[in-house]
Every structure is written in structure tokens, then in C-alpha cells.
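In C-alpha cells below, several structures.
In what follows, chain A forms one complex with chain B and a second complex with chain C.
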Partner chain A sequence: MFKVRMADAKFLKDMISAISILIDEATFDLTSDGIKLRAMDPSRVAMVDFEWQKTVFDEYVCGEAMKMCVNISEMMKLLRRTGKDESVELSLDEKTGRLKIAIKGKYTRTFNMPTLEAIEEEVPTPKVTFNVRAKTTTEGLREAIEDASLVSDHVRIEADNEKMVMQATGDIMGATIELKKGSDALLDIEAKEASKATFSLSYLSEIVKAAVATSDIATLEFSTDMPIKLDFKQPKEGKLTFYLAPRIEVE
Partner chain B sequence: MRIEELSIPESVKQVIITSGITELYPPQEEAIRAGALEEKNLVLASPTASGKTLIAELCALKHVLERDGKVLYLTPLRALASEKYEEFRKYTVIRKRNRRRVSVGISTGDYDSSDSWLERYDIIITTNEKCDSLLRHRARWVNEISLVVADEVHLLNDAERGPTLEVVLARLMQVNPNAQLLALSATVKNAEEAADWLKADYITTEWRPVVLKEGVLLHDEFHFKDGGAQKIEKPTKNPAMNLALHIVKSGGQALIFAGTRKNSVSLAKRAATDMRTIISKPMKRSLTRIAEEILATGERTRLSELLAELISQGTAFHHAGLGGGHRRTIEDAFREGKIKILTATPTLAFGVNLPARMVIIHDYRRYEPGYGYYPITVLEYKQMAGRAGRPRYDKIGEALLIAKTEDERDYLMESYVLSEPERIWSKLAVERILRSHVLATIAADFAHTEQGIYDFFGRTFYAYQYDPRAMKGVITKILKFLYKEKMIEVNGENVYATRFGRRVSELYIDPISAVIIREALLNRAPKLTDMSFLHMVAHTPDMFPKLRPYSREIDNLALFVDEHREEFMFDVPDEWEDRIAYEEFLGEAKLAWVMDAWIEETTEDETIEKFRVQPGDLYRLIQTTRWLLYSSYELASLFGHKDLLPHLAELMERTENGVKAELLPLVRLEGIGRVRARTLYNSGLKTVKDLKEAPLNKLVSLPLIGPKLAKKIKEQVGGFVKSEEWKKLKKKKTLEQRALTQY
Partner chain C sequence: MRKLIKGKRKGKIVGQVRKPRVTWKDNPWILQLLDDPSLSADLNYIADDLVARASGVAWGKGLCVACKGGKFLCGKTRCPLVVRLKSYFRTFPLIRGTDVDGASPPGVFVGRIGYPYVYAGPLVPPVHEDTSLYDLPELWFGKSIDEIVGFRSLLVRGKHRVHVKKFEEAGKIMDRTRELALSVGPVDVELALKNKPRRSFVLDDEVQPFGPSAVIRDLSVSTSRWDHQIEKAYGDTDLKAAEAVTTLYEKDVLVTKIQRAFSVGAFGLKNGRRLVPTRWSITAVDSIISKDMIEKIKAFPEVNEYRVYESHYLDNRFEVLVMPRAWSYEAMEAWYPGTVWNPSGECVVMFSDWEGFDGRTTYADVGGCYYAARLAVGELLVKERRQASVVVLRGAHPGYIMPVGVWQVRENVRNAMRQRPLKYNTLEEALARIASRFQIPLERWVEKSRLLQDALFQRRITEYLKG
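This part shows the complex of A and B:
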């Protein structure tokens, strides 16, 4: 059986919202320790690696380990109905395969939705040696990416031991955003060697915009022309990490 | 039975296990038990996706690795040949006893060649037609074949394709009586007959890897064969659409079979409207990329624009009017689960493997011009229904017919869902079809006496099913015809092909076509133009299917025929005396007109607008026209019409490329098609010399020509590229999004 409760429904809503940025149908691994999800977006450009220990929940019961696949945007539709100071309860009816979502607060409403046939697909972590590791405030990162989004659909990120520079070149306009080590935005940076890589802004900005609600601190890791890893530090025991493949210059 | 336990080389086991298969399916096990690996002839009749191909793979590798054998794999369609080629390629990592790697070759085109290069390969994949032509050329390696795999043999029942398959198998049994024969078929009622004919054992099962539930939908309720019933929501007025949306909402995909292209398009359009709210943002992002890919493939037409628009909503249509590139993109996107609702014409059911959770058979009636509506066969129904259920993804597959009334529901349940597929019947004994095979039998030395010919045809499936004597009358008639037209000569008891006859057989054309071309080349039109030759080939029976004039086109075509009367090689039938022949002539004139427009550089989009001929049809017309022009060239040179050769050669090349003569030097360059050639020409780069002298940046400044192509052009014309000039250009780079799976 699977049944969990969270006193603050917003916490769950924000997390599902972050996942729904990339994932269409999500297969969650449910175990007695907690829940996990690793999945790639349909274009196979980005992936999400998410984990919540059972301690994140106010109540957590999971008998046998199992997989649960749901249409995440449908689930999001229901969770959007949660308001301030409301709690949420998820329970899976294994017989009917339906997921029950009970929202309690001003009044109680119980939704149920179908689960889908789980897809057994191993999603391997990209094998990358990262040369740069930058710690930013999630809000600062979001601002910088929003600046870049004004002029282009992609951004080049360059870093050395002192700073991180985002360079966006559009058809008409351009932008350079410089984050210095020790500033409000860039808390820390280490670079084994100076590196630069280019990424799609539509992915980056959606990821960061969604993650900002769940996390204050973000750690970026990347190398020249390699995928970037964005880890959003979670307030409780869990993780939310994204990987995004780069854009590469071709002749 | 586990893969480990099989008596096949370890290396083969490794490849199969790596591909994720460890255990045999029950029908596969039966095939092994029946002696598939011990060179027993076998007919395997079982549903789609029950793993027949794996048995063929095991047998093939056994022959290649343990017996130094050679394998011939026959498929009915080019698309299937490529599919099998890809599947066999995984074995090329294995080394044979002589330390060389296992090699796989494919040949589907050019019917006038013995393709001696195929000899190098261990596993050779061809279409039935290509194999027939290879046999006519007496390709030497055919004698070395130790295993013949014939795929989709239930096609023996097909009036167009069946006879070729039957003749090919009979010929292979004659040339190579010791080769093992493995025939793969859908479930049919008389597999034992086919087996008996092929001197084979047979296995026939209904087993499927995914359970199939068949039923009928009436309004909002569907009834299954097993008595179960289920209600669905009715968000729209179209029951089939409600069904498709129902399955999409529960995470599946739907494949809808429509009766006509037009229906498939309108169903896809309707689906797109309803899908708009269902498609999630991440999926939409991915679909947009596929839509862009569609627009970047081939010429842009109203058809490709509509397709791209629909794909971005998670739906698409699939029919023979689409070009091959577009069809492949759609097939891949459906397999990856991105296109949720695919509407298709029935051709898809007989082509590539494209399973879906739910199959909806929207129309169980077909329309044939001049014949009216008729219900499809159970065999056809089973082929479509059999596409339901994706192995490894779906627990069950559902296939549903659509009924409008209770009576109709009962009728459909009775006549399709609860019915067994029909027997298959040979369609060989038709004069039109036999003509070419009788000539080939003589010309390719399969028989040299009248009795020998009867004997050969006595070994066909037709002779097995009916009385061989039933064919004798037709064959005698054909022999008389071939003699009269000087394609064969008689010397006492013996019959030989003349040079003419042998060439006709090798060119793979109908003897009647050859006579039509021969007469036309001799008598000639009063005014010889491109139209004369294009119409000549359109007039032959090998131009098939012909275009039919739409009723609103008739006046216009009549005018066209009148204007070009002097250019036709044949008399125009009288409009009032023989209406049918006249309209047929108009159809041929239309076809010639379409081809003429093509070589006058009409765009594909204009061709759709003006003639209602879609890209897929256009490509087929181009292929057939080119082949018949080639045959005309060969016959013209055989009959000494030297004066016609340059015109025919030019026309052939123009047909292949779709250009006016002035562009020919440009399209001969690699990477230059009709559109780019026109761009170059119009900017003043008209010859190879012009290109050689033009500066690189002038080339790059033209639309559709990037630095890479510009360099390639320069290399081909022998022009010189300064290194600094090249470096400067290389700076202009484009960004390409990588996939995460690449790391």
C-alpha cells in the first residue's frame, strides 16, 4: 500500500510543478525509504533526478516497493486547486490503479485519477567530468537567466576561478551578464580549468523558474561543451537535480 | 526454451541476449522443435509480432556460421527490406570461421542488372520483384544460396504481388532444390496447402506476445469478443475520436485505419483540435522539433505544412501520398510515443511494423472506382487488428471496429471479429501477369521446350491449387503472341528467346509494353517532342496504376489532347465511339502532362494544386517513367534508332532530376538538386566553368547553400579554395542542440 500526507500542500505542488516542466508521464519509484524519480524529457535534451526521503512527509506509509506512473500535467491540474495552509494526502488504490488526492483545509475535496502502465526504462546519469562548480542563489540565477532571455534563445556560460559570465547573442540585441565571486548572486566558484558551454534558454529558464519555488541555493556544474548539472538544494531531506545537454557549434 | 539452450554459435546467443531477448516465445519454440535449425523446410503462420523474424535470424546465422552458407531474404516491400536489413545488421559484429565478419547486403532497385556485387554478402535482402529480375539475369550467386526466407507469404493471395512471389519461389526451388526454405506468413486458413506446395512442414498459431481484445464500438459502448463491454466518455460527436481520446488520456496511443487518404486527413485534423488541451508542454516542445524536421525534409508543400501543423498537436496522417522521408519521420515519432493519434490508410497494415495500444478500424468498406463499395476481407481485418498492442509496453492491445446501428454491430462481430481469415488463392493464371513470366522462363533458360514450360508452371502454387491444365490454354496463347511478335523462335521441339525477347525479359517489362514501344519508335509521331515519349511510356501497361481523370478535369484534358494531337505516337480514340478508351487516353495524357510539368520544374506544391497529384504519387510516377524511358532507350538501340537515343537519354536524366535541360550539368554535382541548381543558374552560375571561377563567398551568399556545400561544390568542379577564405567562412557556425543520451 502507498499512503502519504503532507501538512503543507504547497510544498508538493511546487515540486510536481518543477517536474512537469520536463516530464509528460512520470514513473515514480516508491519504497519504504521514500520516493524517487529519474526521467528524461521527450526530446531527450534534459533530465530530472528527484528524491524525497520519507521524513519529508508528515506521514509516510509504503509497504512493498513499487512503481507508479502518472500523467504529470493532469496531476498538476488537481494540485493547482490547493490553497494556503492546506494539507494534502496521496493514496494509491492498487486494485483499481487509481491515485487518490485529498486536499484538506477550508473544506475537504478528494480527487482520483488513473495511473498508467509504468515504463521500465533505465535512465543513466550522463558521464561527465565537471571542471566548474558554481554556487549561486537560486533567485540570482533566475534573474540572470531572465536577462539573457530578453535578447536570445540561447546563452553561453563561461567561468573561471573569479567569475561566471553569461553571454547571449540574438539577431538584433545582445547581453552580457557578469556574476563576480562573492557577490549576492555568485556565492562561490571553483574552476579546475576555464570552461564554456552554450545552452537553450527555453529549457534553462523554465527549469530555474520552476525550481526557485523549492530551493534557495543552486549549484551549477559544467565543462566545455558538455551537459550542465543544476542541483537545487532542498530544505528537507531530498534532492532535485537537472541535467541539460548543450548546444554545440557545427559548421 | 532459453536462448542459451539453442544449438547455435555462442556469438549469436550473445548478440541476441544483449538485444534483450533471453527466452523464446511459444511459436518460436515450436519452430525450433520442428527442425528449423536442422534445415527443415517450414511454413510459419502466426500473428504479427509473434517473433517470426527471430527464427529467420537464427536459421540465417546457423547457415552462415556453421555451414558456410548464403542466405536470401525476400520481402514484398522496399520499406520492409530496409527494416530487415537494419535488424540483421546487429550480427555483423560476429566473425565467421574464415575470420571475416558476417556481412549483410540489400538490393531493391534497378531491375536491369545482375548485381554481381551482391555475391560478397552472406545475407542478401531483396524485394520479391528484385529477386525475380535477378533470376532473369541469372545472377551466379543464386546457385550458392543455402537458405531462402520468404516473408509475408500470405501475399500469394494478392492479385498484383502474389504471382511474382509464387514464380520466384518456384524458380528458386528449381535452381536450388537443396536450399532450406523458411516461409513466414500471417495466420491463414490453408497454411497446410502452402506448406505442401513448398514441400515443407507447417506451424500455425494464434499466439501473440500481447493479448489482443477485439470488439465493436457502437455509440459510446464497446463490446468485446469475450462478452465484456465498456462505456466511454463522449467529449465529441465522433465515436472513433472519443475512443482515441479515451486511450490517449489513459497514456496510450491510437492507430486509426481510414478507408481513403481524404478520410485519414480529415480524421487527423479532427483529432488535432481535440488534442490541443491534452498535450503537455514538454511533449509539445518535442513535437515542435519533429514538425520542424518535417518542414526541412524535401520541398515545402501544402501537404507538408498541414502535416507539420498536425504533428505539433500530437497527431498525424500516414498515406501513400506522402514522400518516403516524411513517412519515416512519422513512423519514428509514433514509435517513440510522441505522436498520440495516427490515422492511416490500410497500406500501413501491410508495411512496416508500427504497433499501438489501440487500433480503430474506422472504415471496413473500400471504394474502387467503377466497382463501388465492398467490405474488406477477414485477412485484411486481421492484419489491421494485429497491430494492436506494443510488445514490452502494453499489457493488452485493443482493436475495434465502428458500428452505427445494432444490426451493423452484430454483422461486424459475426463477419470479422468472430471469423477466421480466408484461404489464400493463387492469382497467377491471368494472361496479363503470366505473359512476362512465360517469356522469362524461356529467356532465362528455365525451359526450352513447350513441355518444359508447362512443367515449370506445373510447379507453381496455382497448379497445386487448381488443375495445371487450367493454365495450359493461356500459356499456349501467350506463346503464340510471343512468337508473332518475334520475342521467341522455334527450332523443332525447342523454343528460344530472340535478342529482343531476352532484352524484354531482362528489362523487366511486360512484352506488350515492349511491342507498344517498338511500334511507336518505328512509326513515330508527326511531331516528336518530350510529350511524345512521355505519353508513349504512359500508354504502356507497365505504367500502373494509371492516373484517372477527375470529371472536372475532362474538358481541360480534352483541350490539351487536341493541342498536342500531332505529338502523340498513337491515334486518339474517338470521343463518341469509344468513351472508355477515350477517357483512358485522357488519363495517360494527364500522366504525361504531370511528367512534362515535372521536367519543366513545376514545384511539388503546384503539382498538388494543378493535378491533385501528391508527392508520394509523383515519386512513384517518376520512378516508373524513368524505368520505362530507360527500357525505351535500350529497345531503341536494339532496333537501330540511333537518331532517337540522345533525346531519350536526356529525357531520362531530366525525369530523374526534375529539371530543364539547361540544369543538367549542375544537378550532376553531388549535393545539388533541382531547387539549388535553379538558384545557381539564375544567379549566373550556369556551367561547371562558372562554378569553378566563382569566389566561395558568392556561393555562400546564395540561399540554401551553406559553407560546407559550397566547399563540396568547389571540390567537385576542381576549383581552388584559399585557406583564409575558408577560415573566414567557417566562423559562421550554427548551433545544434545535442541529446543527453549522447553523453
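This part shows the complex of A and C:
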């Protein structure tokens, strides 16, 4: 038995949209405490770690723990139909294996879609010691990444205790974006040691663009030539964290 | 503001002398060549028969005039125009007057000039024999450029002006052209032309070369049997064109046959049918089929090792690198100095285009070859039920004296994929092999290649999961 309701459908839509940028088929862990998902993109360059406590929902019923796998882009198609002030209800029919999505607003529509065979594989999170921890506004981070995307397809992020600098070098143009501690964009920064690492901008910008709708504050953690952890603070009890592997250019 | 600029410039425009029209289209050296009595006697040449033209790619710069096909100043190993002239003068005596009577392979050609009003019509050689080879690139691999130009030059192209959407009402010439296009084998055709067919020497990289052309006066086609599968798709006016293409391909209909029917508007919903210029239809069909294959490939497990597939034909070297990663694809081309698209350069010119797991939404800069090679690569992965990241590296050398059509890429890569691959445990070993097959340093390929850069530099998150 799995049945949940959310008064604001947009909340669900934005979250599913954020997950959909990395994965096509998502296997959710459903327990009596809430729902969870941890998965890598097909290229295994990035990972999403998502969790919603049952308190995020206005109504949450889940009998025994189970896994539910759905095609995220198909689900997105349906959720895209939700409008302002509409509520959404998800329920799983265990006999037929179909997920029912009821959107209620000016009128009620009920979609149903198939679930897929769940992947049993458990993915651990990366084991990395992070030397830098930076707190930014999600909007500020998005702007900075968009700037860098103009000139290149990858960006080097450098940080010390005072600032975070993004350096992008393209074939013909270059860009330096500096975020100073205490500015509107960079709220706080701590560095055990000065660090720098390079990341793919196509991943970074997709991630941040999608997360902006769900979160105002982002926490970046990274170390020299190690994966970056981007945690997007959720308004309710839950988490949305991305990990992205670095680009290491051997000379 | 705008007015001001206009006013300022006015004086200049009046003062400008209009330059005489550039006459690069007329190829002076061919005419000179033909003035040489020994040669023209040899070729049995009649001055009226020929309109010598070249696209101006290589011979706009006066090189040809100085060379006259004898010194290979352009860097190619042989003179492409002389090769064409030779076969042209072999064809010409076969055509008497304004009628061509022969067995069409079958072949049709739909031009793209003037779209949506295009010239469509059959390709008819002045011979009665089994001509099916003449318009079936699937059978051409391994043949020399002379052989191919030889039989292609025999194909006289009849032209009939038609609006691409109104071809159903365009009359019997169009109806018969379509009938011909759907035939399963060679068909006897009587082609009555308005003038004696003339030859233009035009270079084109996507369409296989063909012989002289003229506007059609009348066309008669003897009864022929249609390809059963294609006829079914033709009769189904509720079947979308893309679905028709993929269904036929899955039923083992040759790509060329699908493309030929596609170009004469034989597929699609009733009101959506239209003629498609041959050169566009080739790429459209390659693209539709390979796109469909990619959707399947994305669900298969990854290959287990790095592989290199190789092929060399018509002085085009192909090295196909298959990597154990999620589906992505890149096509790279290196044109050596002296080749068609790099006639006067001193260094190798490189092009590249790629797509990631989610595909691409814009037309690849590399052109039709991108999709032709993608089809050949997809065929192997679907057959093996495997997923991979694939980079197709192509080196075009000066021995590739003229473009013969996209089929060369499709069949060359298909040939590569038929070979037993070289297998490697590391990317470095595979790249070392590839580098040894080209004169271009590996760094230059990497510099231009998005996928090679990704493979070499982009780490994966899985490397960090164990503490």
C-alpha cells in the first residue's frame, strides 16, 4: 500500500524535474518514514541523492517497504500538466503495477502509468574528505555558472578562506568569476586548505538550473581534483544533493 | 539613424562599378584540353556536346589552367576531371539524338535547386542489360573510382519540373517516375528528351555522380514488379514516413531502396507526402534509421573492452573507436592538403561533431557523413545488443580525387564494423593504435574531440565510492 498526497503539486513537479536531468528510470525506495532515491546518470559521472520525509507530504501512507521504478521523463510529461493551486495524489496499485497520478484543481484528472522492474543495486555515496565548504545562494551560483558557460564547456573552481573563483577558458574566450566571502552570492566559505578542481559545465548548469526551483541556499563542498558535492537546502524535511566527478587533465 | 547611414553610403554605391559576372563556372582548361588535336581525336569529341563546369572548389584559382590535368598541381594523385571526361566520352557515342532507350537500374533523381519547384525524373543508361548495380551503392564497396564513375556516367538524367507537394497531380511523367522508383529490379524505359543531353561537371559530396541530363519530353516505362514491402508502405496512407522507413529497414529492405522510395514521396500520411530531393532523402533516411537504433542501444549493457575497427577504401581511412561507456557518438574528419575540401591548404583541416546520451537537436556540421556513419555503427551495436561510446575518425587522403557520395562513408564504416576488432584493455593502447594509422598527432585529434576529451579527462563518480 502506497498512497501520498501533496497540496501543492508544483513542489513535486520541481523535484521530479530536478531528478530527471540525470536519470531516465528512477528507482524510489518507499518506506514508512518517507521516500528516497540515489542514482547515477547513464555516464556515471554524476549522482543524485534525494530524500523526502513523510512530513513533506500532507498525507502519507506506506505499508511495507518497497521499491518503485518509473520512467521519469514519462512521469514529467504528466506532472507538467499541473497548474497553480492544484494538488496531486500518487498511489500505487500493487496488483497491476501501475502508478496512479491524480491532479486536482479546477477539475480532476487521473493518469495512470506503468512501473518498471526495480533495480536492486544499492549505490553508496562517494567517500571524499572535503577541504572546502562554501554556502551560496542558489540563484547566485546559477548566474555564475551561466557566465562561465558562455565561453567554455568546463570550469575550474578555486577556493580559499576569502573567496571562490571560477575560471573558464574556451577556444577563443575566457572568463573569471569571483565570488567574495560575505557578498550577496557567497554567504560563507571555509577552507581547510586552498583547493581547486575542474568540472563539466553541462552537468553543473543542468543541475543548478533544475535545483534553483526547489531551493534558495546551496552548499558546495570539494577538494583538489576530487568530486564536488552540491547540497540544495530544502524548505521542508528532505534533501537534494548532487555529486559530480571532476575533470582531470593530464598534461 | 538608419537613414543617416543610408545617406552616407549613397555616394559610394553610385560610384561602384558592377563587376562582370565571375565565370568560374566555365572551365577554361577543359576547353583548352579539348583543343589539343591529339587528345580530342582520341576522345572523339564534338564541341557541342559539352558544357564544362566545375564547382569552383579547386579550380577557381587558376591552378587547373596551368596544370591541364598533367602536373597534379592540386595535390591529388590523379586529375578528377580527366577521369570524368574519359568515361563521359565513352558514354556519349551511345546516345543518339534526343532519345535514350535502356534499362533503368531503377534509378531516380530529385534535384534540390529551386525547392519547392524541383527537377525530378529517372536515371536511364543507354544500355539493355542487368543495370541493377548502377544505382545500388550497397554493392559498390571495393570498386575503383574509375569503375564507379564509369557506370554512373552512363546514367542519363531526365528532368521534369514538379512542385514537391503537388506531385500527385503532376501528370504521367511523374507517375511513371514513381512507378520506376518502387520497382524491384531493372526496368526498360524509353526516355524522350527535349534536347540532346548535356553534361555538367559539377562536384557534389553527398550524391553519387551521374551522367548528362536534359528535360523530359515524354517517358514510357514497361510494366514492372514492385518491391512487395515498399508497396505495402506506399499503400498505407496512415503510416507516418519515419515509421515506414524503420519498419522497412527492420524487414531487411536495403537503405538505398528505402531512400529511393522516400525521395519520390511514397511514404507518409496521405496529406503529408512530398518529393524529397535525393541528397536530403539520403541523410533523412540514415538519420531516421540510426535514431531508432540508438533508442534500443541505450538499453543494452556496455561493451567490455576498448575496440578499434578499421577500413580503408578510396583513400579514405576509417578508424572506429568503441569505448565501454554510455551511448554517445562523434564523427571526426581530417582532410589532408590536396583533397576536395582542402585543395590549397598546407595543413590538415579537421571537422568534428558529436552527440551525448540524449542525442542532438541541430543538424551536424559535418553533414550527411555524420548520419551515414552513425547508421553503420548502430548496426553493429544493435546486432551485438551492446551499448558504447563511439568515435569515428576519418582521414581523407589526396587519392580521394572526387567526392562520390555519402554511400562511401556508410559502406566504408560498415566494412570496418564487419572486421574482427582489435581489442584493448585501456584507452591509451587503443589510441596508440589509431594514432599509428594516421600521420596526424594524437593530440590534434584529442584537441578537436569532445568525446575523446571526456574519455581521457572526465572522471566517473564510481571511482570514488570506495573509501
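Methods note: the second predicted complex is superposed on the first by the 250 of 251 C-alpha atoms of A that agree within 3 Å, B and C clash if a C-alpha of one lies under 4 Å from a C-alpha of the other, contacts with A are read in each partner's own complex, and residues count from 1 in each chain.
Keep this in mind: a contact is a pair of C-beta atoms (placed from the backbone, for glycine too) under 8 Å apart; a residue touches a chain by one contact, two chains touch by 3 or more.
Predicted model only: the values in this text are computed from it and were never measured.
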- request: Give one word, clash or fit, describing how chain B and chain C relate on chain A after superposing.
  value: clash
- request: Check the residue A:22 against both partner chains and state whether it touches chain B (first), chain C (second), both, or neither.
  value: first
Message: Tell me the contact category for A:181 with respect to chain B and chain C: first, second, both or neither.
response: neither
Touched partner set for A:135, first chain B, second chain C, both or neither: neither
Message: Touch test for A:44: chain B only (first), chain C only (second), both, or neither?
response: both
Message: Once chain A of both complexes is superposed, is A:71 in touch with chain B (first), chain C (second), both, or neither?
response: first
- prompt: Just chain B (first), just chain C (second), both, or neither: which does A:98 touch?
  reply: neither
Query: Counting residues of chain A in contact, which comes out ahead: chain B or chain C?
result: B
- prompt: Can you tell which stretch of chain C collides with chain B among 92-100, 272-280, 326-334 or 344-352?
  reply: 326-334
- prompt: Intersection of chain A residues contacting chain B with those contacting chain C?
  reply: 40-47, 126-128, 200, 202, 226-227, 243-250
Query: Along chain A, where are the residues that touch chain B in the complex?
result: 20-25, 40-47, 69, 71-73, 114, 116-117, 119, 126-128, 154, 198, 200, 202, 226-227, 243-251
- line: Listed in rising order, chain C residues that touch chain A in their complex are 298, 325-328, 356-357, 450, 456-467
Message: For the complex, give me every residue of chain A touching chain C.
response: 40-47, 123-128, 153, 200, 202, 226-227, 243-250
Touching residues (chain side chain B, partner chain A) in the complex: 249-251, 280-283, 285-286, 289, 336-338, 393-395, 706-708, 730, 733-743
